[in-house]
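As written, the chains take the letters A, B and C, and residue 1 is the first residue of each chain.
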Amino acid sequence: MTRIVEYRHESATLTGEASIASLFRHLCASRLVTIAQIEGRVRAAGSEFVLACDMRFAAQETAIFGQFEPAFGQVPGGGAAQHLTRLMGRARALEVMLSADDYDAVLAERYGWINRALPAAKLSEFATALAHRIAGFPAVAHVTVKERVNAIALAPSEHFRRDSDLFGESVRQPDAQGRIQSAIQRGFQTREGELALPSLLGDLDSPRAA
Amino acid sequence: MTRIVEYRHESATLTGEASIASLFRHLCASRLVTIAQIEGRVRAAGSEFVLACDMRFAAQETAIFGQFEPAFGQVPGGGAAQHLTRLMGRARALEVMLSADDYDAVLAERYGWINRALPAAKLSEFATALAHRIAGFPAVAHVTVKERVNAIALAPSEHFRRDSDLFGESVRQPDAQGRIQSAIQRGFQTREGELALPSLLGDLDSPRAA
Amino acid sequence: MTRIVEYRHESATLTGEASIASLFRHLCASRLVTIAQIEGRVRAAGSEFVLACDMRFAAQETAIFGQFEPAFGQVPGGGAAQHLTRLMGRARALEVMLSADDYDAVLAERYGWINRALPAAKLSEFATALAHRIAGFPAVAHVTVKERVNAIALAPSEHFRRDSDLFGESVRQPDAQGRIQSAIQRGFQTREGELALPSLLGDLDSPRAA
């Protein structure tokens, strides 16, 4: 959260637009091939960062995925709705976002959120070998394959921009601010709160224990 | 079958069009979040009703799915072709419809027809908890998330209308009427016939045992 | 490879265009329902042929899938990028093509590349029974269901043509020719080379053992 200004500056330099959504889409459209290796918890913009990578491999014992913005009254602002709907279809994308819940790597693989869940002990070796293998092939293929695939499966910039605008508008609403404050009081963005995030979010309307 | 007139009336009131397809699409586009909990057999328009819901969870021991209209010479008229193709891709959607066969919940999950197959003993508790969790989040998020997802993955009204028209035209053809009559003589829409529907449908051309 | 001229002639007769891509797309759009039964290795244009079929069932013990053109600097020319992206989504399609690796039938099923992986001993009986079942239903349903599904999930002809053109241009480049020659020297398109294709392709840049 503390680095949002930095990301927005980076985005403005690269894309002419100061939003994380445009920065992340820039990554999807880049000539670079990107592989995310996920061992821990990626949620909200963290999840959207790995969704912007070209491939995602996760540790089946430990990786956790979540797109919980709807618990605060918002649509995700960094492209999750665009990617998740195309990766897993209407019903699972609605479930994942509207539930604002955690999804483990095994279920994330079944839903298409990630390419594959792998044993943690083998994950790094797998991802490194894949990266080296791809890097050994001609860069012209990376560019052409990405262009042809993106032409089908990458949402246009204006759809990312629209999500970003909707997020920005809704996060400024009093109700959203109230829910975010309530979450912070309950431990949101502390280590303990993040480890129990699904129940913390499900409990925002309840009176808080003193 | 006996309630089609009633559904058509309901649809005309809600959508201005007297078709089940437009009623079902209305449900997809609604502000309400809908969760289908499926324990038994849902086929044809029954399957299309659950496909119109936002999410589908089914009992892995007992739930059965089928979209058998092609056995009578028809494309499904209530939106199944629209939903199934987007949920499971071209090859599996063609298989499911052209085979006119039954699919159990485990295979339906693998194909993306449903969100998840769960043990029957846990299904109701799961679906109820999910419904309560979602209901506790701001309604503005339900609306915005559905709008953004539907903009990507919900077919336009005219595609539902076209399927509905094709169904209506084909069901009036003599060949379709002959096959439906043959099915009824073999027990279609009786309890016994429904329990053995795949073989009943596969047998329509054979001489009937006296 | 030796039959490309023959295929191009066939394609020109059927579609007015002398490319495998247009021949394969013609198959997708055909009134015929096609079921691929795969027991061995299908890669490159072989994989694209089965991707052009309406359904794919494979032997879980023996079937292998690969789309390795990017190892030579090319995008697949016969429609694989179109089909794979729509069947398995952006991330898995990028992985499959950019890795130029082999995928076994079980993983191919999880990725949506094939409808189902089945035990080799049951595959033929399954595919034959499915073919007979579908053939027993009215041909008008085959045509209408395929039309409705293709309207959603089959790429337009010009996208196939574009992939074909990109393939044709890149295969004539000196770098691609060099890599193909290197592969041939290492056993590409011999029985032994095909059995170890992923490592052969990963090794094209290394000095060859004398």
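Just so we're on the same page, a contact is a pair of C-beta atoms (placed from the backbone, for glycine too) under 8 Å apart; a residue touches a chain by one contact, two chains touch by 3 or more.
Here the structure is a predicted model, which means the values were calculated and not measured.
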{"item": "Turning angle required so that chain A lies on chain C, C-alpha fit (0 to 180°, nearest 5)", "value": "120"}
{"item": "Same vs different contact residues, chain B with chain C, by half of numbers used", "value": "different"}
{"item": "Between chain B and chain C, centroid-to-centroid distance (C-alpha), Å", "value": "31"}
{"item": "Multi-partner residues of chain B (at least 2 other chains)", "value": "86, 88"}
{"item": "Partner chain C, residues of chain B touching it in the complex", "value": "69-75, 81-82, 85-86, 88-95, 97-101, 110, 155, 159, 162-163, 166, 170, 173, 175-176, 179, 202, 204-205"}
{"item": "Interfacial residue positions of chain A with respect to chain C in the complex", "value": "33, 53-56, 83, 86-88, 109, 112, 114-115, 130, 133-134, 136-138, 140-142, 144-146, 148-154"}
